[in-house]
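What follows is a set of structures for review.
Two complexes follow with chain A in common, the first pairing it with chain B and the second with chain C.
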Partner chain A sequence: MGKVRIGVFICHCGSNIGGFINIHNVLEYTRGLPLVKHTEDNLYTCSDGGLSSIKEKITEHNLNRVIVAACTPRTHEALFRRACEEVGLNRYLFEFVNIREHCSWIHMNEPEAATEKAMELIRLGVMKAAHLVPLEAASTQVKPATLIIGGGASGLSAAVNLANQGFDVHIVEQTGKLGGLASRLWKLMPGDRLAHEFVEPLVNTVKKSKHIKIYLNSIVKEISGFIGEFNIEVKTPQGKKDFSVGTVIVATGARELTPIGLYHHGELQGVLTQLELEQMLKRGRKRFRNIVFINCAGARTPDREYCGRLCCATSIKNARYLREISPSSSVTVLQRDVMAFGTEFELEYRRAQDAGVRFIRYEPDRPPEVIGEKKVSSVRVYHTLSGEEIMLPASMVVLTTPLIPNEGAAELSRMLKVPIDRYNFFLEAHLKLRPVEFATDGVYIAGAARFPVDIREAVAQGIAAAAKAAAPMTAGEVILEATIARTEPLLCSGCGNCEMVCPFAAVEVRKDDKIQNKSFVNAVLCKGCGACTAVCPNGAIQQLGFTDHQIFSMIETMAFEDGSDVF
Partner chain B sequence: MLKAHQKKSVLVLGGGIAGLQAAIDLGNLGFHVYLVERSPSVGGRMAQLDKTFPTNDCSICILSPKMNECSSHPNITLWTYSELIKIEGNIGAFRAKIKRKSRYIIEDLCVGCMQCVEECIYKKPKFPNEFDLGLSKRKPIYKPFPQAVPPLVLIDAKTCIQFKTGNCEQNCAKACERHAIDFNQKEEITDLKIGAVVVATGFDMLDTSGIEEYGACQIPNVVTGLEFERLLSASGPTTGHVLRPSDNHAPKKIAFIQCVGSRDIRNHTYCSGVCCMHATKEAILANEHDREVMSTIFYTDIRAAGKTFQEYVTRAKKEYSVSYIRSRPAFVKEDENTGDLYVTYEETTTREKRSDAFDMVVLCQALEPSGTDGLSEILGFSLDAHGFIQIPNPLSAPVDTTRPGVLAVGFATGPRDIPESVVLASAAAGRVAELLRS
Partner chain C sequence: MSSENKSKAYQPKILVFACNWCSYAGADMAGVSRLQMPPNCRVIRVMCSARVRPEMILSALFKGIDAVLVLGCHPGDCHYSEGNYYTRRRGIILKKLFDAFGMMQERFQIRWISAAEGVRFSETIREMVERVARLGPNPLGKDHGRFTP
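Showing the complex of A and B:
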């Protein structure tokens, strides 16, 4: 593209920069730098006037590189790049130098040193700009179809939402029926609705939808590809099924921990879990005598540290139902902290107390003891608040155990190249702000596969994940990053460091016939974080926009007085 | 990138994390979004936090990109300092009236350079800074906080000399090279046609002045949780040095009292949902700032029921000198000579009555819905017994209010932490897409 002709626009940012840095001196200095064909200062380069001036000067002086020395690229880079593009200059031939955050703000008490630093940073910027090359952002088409793995409350809610938006959905469910854990419960909270009154309409909507295809007794065997086009292989009772989708939602749910070895579960008759109790209630059992619930069975222990989130609510709900169904019964809940957070659960906690449920606090270092021969007869517990050990007669003991991830999470995590934690719960992209996404584009997470949730949360997460998946499918394409990593095969030794450090599963060392043992960057998945380029021992993998050539030219110029020697 | 049938507009009320997320997701789904925020900047409560549990991420650092994304999103129109005053019509075809209050600044001209603030006739800040909950001062012309979006100033007419006397030198206007100051600016009413509304108006803090036993609003070294958060923040009134208000001494022993007005029949019977964790976080941070700080958290139940929350509490105990005592203290008394505080309580697990000295007491007060009374009149939806927006069918429609086409998310619908609010916000976007497309 001919000789490099650089324009430098220096911003006062009102007095934010101009109040501390001697812009006049910076301007004079910049004018003397090699390849710089135009310099000017603006009170606000980001104002309409500033932007128009950039555009005019590009044309007037035939500039082919533009530098703005101003504030932060985080807020303003897109704006200046757009201005360049509007007059036909490739947006990646723009370079930003931050002389506000890096100079005037941080060094406001040393204006001279700040001015000197601004000059230095602009010199480095000029050096880098000289080595910039035009880049093009590619795009990829997104197929308007979603694979949902798991047919529980969150998976089905996601499916209905996406189908109503007009997208095709494939639900792969491991068991023989839809509905998940919710379909095994008796009543749901809040609202005291029978579980099937919630589950059945949802399942029926899914079954009736012309957009939704259901694969029961099926598992996902293989997933390849990336956002836009994932190729899926499903093993069904009718044989292998292949199809492709644009996005994937993981909603594989969780199951109740079976308390093997805890409180004589499986050894003494009458020691159940909450789910076993729900099924007893579902079958219509009406008579209960002395019931003791033990909460935090297998949760909040050194080897399973997490709180099961909804177990307290489950015990509160079922304890009250027992009192209501069988008013002569005695129901005691042995608890640690009662996790009745929010409005509804706290209200339920009070309702249970009002219904005559007794809550007794125990300490984990003095846990309750279940006593009986063949059949449970009593529970001994140290009553923390009265400071005494008490004996509770017990015809039935119900253990409140936490949810644990369903089997297959580890296998799925491998297939999708998404992370799981030490309990096999899936790890979302960000615990606070990206709770239903994975770091990998096009793959989303909902429901108890991420962490225990109640039904309401499962449904909300399902719909949230659907909204996330719908965005690229609505647009029909995703615009890719241009500043991504790229491998030079001649230099690559196939060591695999790059593949190991990539957080987005974008790099792989290919071992097929054509490309022998060479690293390959998937342009769709790469986010341009640069992790791979830092670990490459051969400099074979380069980050576009931040190549070794560009960065080293900046570093080298710092060794010289004015940088002129390295041109 | 948009398909023709999606060119519908959606109104999002509230620019906190829930409203921002809903707006971004709706924008990404191809809707045009009007994000209307009552205060002069988006960011909401999350912007006031120092860090967030349980990852100790700097709150504004993870929020600020979302704020900027909203203001630069091609599908989002951001109106701060604005309020919904009327709505008519039905789902798919609402007509809304938005009042755009006057900030006495021409938004298109102001670039937030602060020259006007510098030159204001008040040489020193004099009026309570809302963002710092009155712990610092501002001038009548001010930027709400350093990372405010939009990054513009505004004039508070109640404290500005020009508005009070009509006779100010108007140094601010003289200083503004862009002529952005307009003392005659009038509020505007704008009509919008929208298909759906998402309400994300968040929470306020319970007024603790009625809680006399703890000396709230009486004893200087008794502060609220959010005030303590500002004391921890590098952008706060003490630039991140925790100093107690009475004498600016660095406290070494801090007490946190939980459930102040929550789970309390005199105030709110509900659990505010986030206080156990924010107290734990604040205790951890205070110790990170000064390893000699020892905190005691007086709790009812430690409700650490979220992902990695238990682990966070364990770390607080093991690594950050935080102790937890199960008790609701009876009262807090001040030693007027030293400013030290005595917390009298019964340790319920040992049934021991004690009175311990602390340098500072933090009240983790109840959080309550913000402005839902007025909104329920304008928007015609029902509230629950506590004033939160009612979600009549939380299991199958977790973001639908009683009025079709009006959805509600975040703390406005009940106590929610940040990830829960974000999930509901995204769910509302999904729900809007479903409602307006099918």
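Showing the complex of A and C:
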């Protein structure tokens, strides 16, 4: 390969990095580092312009290592590696330096210190890049089958989409019927269509499909394996079922928060939730008197800080329906702020006002008070605009509560090794760039398991997740990680430490005719954690891309600031 | 310390090993949330905390880096099933070794940080920087004795 020639590309990320770090000084400094043959800054290195510049400069300056100092490798590494590969540079000769999440964004008030830190991080990157070697990745087959966990609007949409493409689909639903939360609603907004007119055709399509297998009243007990071949164990009423799939879609959805103890729900007769009201409407009740809605019940509180997102729209929808069904009724919505987002909901908000629904704002520190004995009789609320307390007669109080994740999210998160947040909503790989994927390859997310979504969003995300899952299954194979362990037999003494610590039984010390007492790594089983490398007394087994040599050289350059001792 | 000589003040340097799946993502989360923290830490990404061999920690401390922080997934959450258990056991033994020699005990710490715990990451960094500021420079480092007149 010849001498190491490093090119360093420093990204301003608009003003995200350039606004806090003195890029000019960082460039000057980087230019002075050994083995660096080209430096440049880009407004956005990830833009088309930035990527073509990387490609041009590799050719022009004969670069054989590329460093991008920008955001996080967790989102952008693949993009830059691909750019290198396109002009014939091995993708593993690329090194990422994170100067945004790990520098400019967390030291916004200390531009000088942040600039110095960025310089040092780049120096560490240069040191690692100097020790990088080209790697070749193996590939593995992807089974053309998907497991969809959850049979709600998003899961079913994903299932239909994948089945239409000819893939086998397994839907595991923990309740006794398909359709999810949508099947329990009365009417959908916008459009004023009955929910079952939407849900039933979807459920029927799924039931008719010869590609889709449905497991009702079932839960996923165990998931092992990785993209291409996940081995699944499902607990069904008929007993244990085992099968394997190439990809997994998490569409476990959400449920309405039951506001136990809030505003006397469960204590006073006539205090309901929105879902309970919808079911009452579904049963055909026509007469209503004085109805008071209380929005943000159990949401945007210190315990549950997030906004339920759909609650406002739900209250707007049901308030207007009540006025239309029962014109003699009085309907008042007590709200903290009306979040009628998007192109339709704002219009619906006005429609509700035109239909005679009253909206009154309350203060979170002076919440409404539900009054009654056995049965609700009135609601007292401090009217923010008039500055006085008012008393509203109430024959029924409807609490608008947020959606919360369905049970089992934490368990699933553990099985799939994907993250959840403090409320047990799942976290995608990147909230803008990879919204329906997890950081774990072959696992995707759709619908309200991520955050409260309406049906349009649930369907869109279901189809998006299906499209993402279809990509590796259509290709039929995926390229495996090349940063796996490899043994140098000359150094191996056959002690077996590596075999002992490997979580995947990917390493074994072979004792056959040809190989005498040497450790051997199975490239398909190895996941590249590096546990074996850390316990090898001779440095014989190395995790490629994270070798002892590479990491120790970074430590050294960090300790000896000029780096002169190591180059 | 007055503001004039602040720039010359001793700045501890802390090496952080963060596992790709939880802690590095947690650090990213801290960045995305714009959680401000002292600029004394340098993160080296490893795929799993179990990749960190004890020699790396020893090497860093013996070469004068003021402290080493190893971050991994919470017990039970390791992307590779059991890597962080090795880290935990290894950490206990290494600490005993430091205890036996009466040195470096506090300069090496292990913490568990998940991908969602940006706040915990920033608090961990802050706590570590404060700890090292209290201990003073690494006695094996070039900054040792800079406080003594």
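Basically, the second predicted complex is superposed on the first by the 350 of 567 C-alpha atoms of A that agree within 3 Å, B and C clash if a C-alpha of one lies under 4 Å from a C-alpha of the other, contacts with A are read in each partner's own complex, and residues count from 1 in each chain.
Rule of thumb we're sticking to: a contact is a pair of C-beta atoms (placed from the backbone, for glycine too) under 8 Å apart; a residue touches a chain by one contact, two chains touch by 3 or more.
Note that the structure is a prediction, hence the values are computed from the model and not measured.
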Field: Which superposed partner A:555 touches (first chain B, second chain C, both, neither)
entry: second
Query: Does the superposition put A:483 against chain B (first), chain C (second), both, or neither?
result: second
Of the partners chain B and chain C, which touch A:161 in the superposed model: first, second, both, neither?
-> first
Practice item. Please indicate which partner A:460 is in contact with in the superposed arrangement: first for chain B, second for chain C, both, or neither. Key: first
- For A:474, is the partner it touches chain B (first), chain C (second), both, or none of the two (neither)? first
Counting residues of chain A touched by each of chain B and chain C, the higher count belongs to B
Counting only touches as set out at the top, which of chain B and chain C does A:410 meet: first, second, both, neither?
neither
Does chain B (first) or chain C (second) touch A:346, or do both, or does neither? first
Regarding the shared-chain residue A:433, is it in contact with chain B (first), chain C (second), both, or neither?
-> first
Is A:503 contacted by the first partner chain B, the second partner chain C, both or neither?
-> second
Where chain B and chain C land on the same part of chain A: residues 74
Per the touch rule above, chain B residues touching chain A in the complex are 1-3, 6, 17, 21, 25, 28-30, 52, 54-55, 57, 62, 65-66, 68, 72, 111, 113-115, 118, 177-178, 263, 269-271, 273, 301-311, 314, 348-351, 384, 386, 388, 393-396, 398-399, 414-416, 418-420, 422-427, 429-431, 433-434, 437-438
As the complex stands, chain A meets chain C at residues 72-74, 98, 100-103, 105-110, 112-114, 116-117, 120-121, 124, 414, 417, 419-422, 427, 439-440, 483, 501, 503-504, 527-531, 533-535, 543, 546, 548, 551-552, 554-556, 558-560
Chain A partner, complex, touching residues on chain C are 7, 11, 13, 15, 20-22, 24-25, 27-28, 30-32, 34-37, 39, 42-48, 50-54, 56, 59-60, 63-65, 76-77, 79-83, 86, 90, 114-116, 122, 141
Listed in rising order, the residues of chain A that touch chain B in the complex are 13-16, 43-44, 46-47, 74-75, 78, 161, 164-166, 188, 190-191, 193, 198, 201-202, 300, 305-307, 309, 312, 337-347, 350, 363, 384-385, 387, 425, 430-436, 450-451, 455-457, 459-461, 463-468, 470-471, 474-477
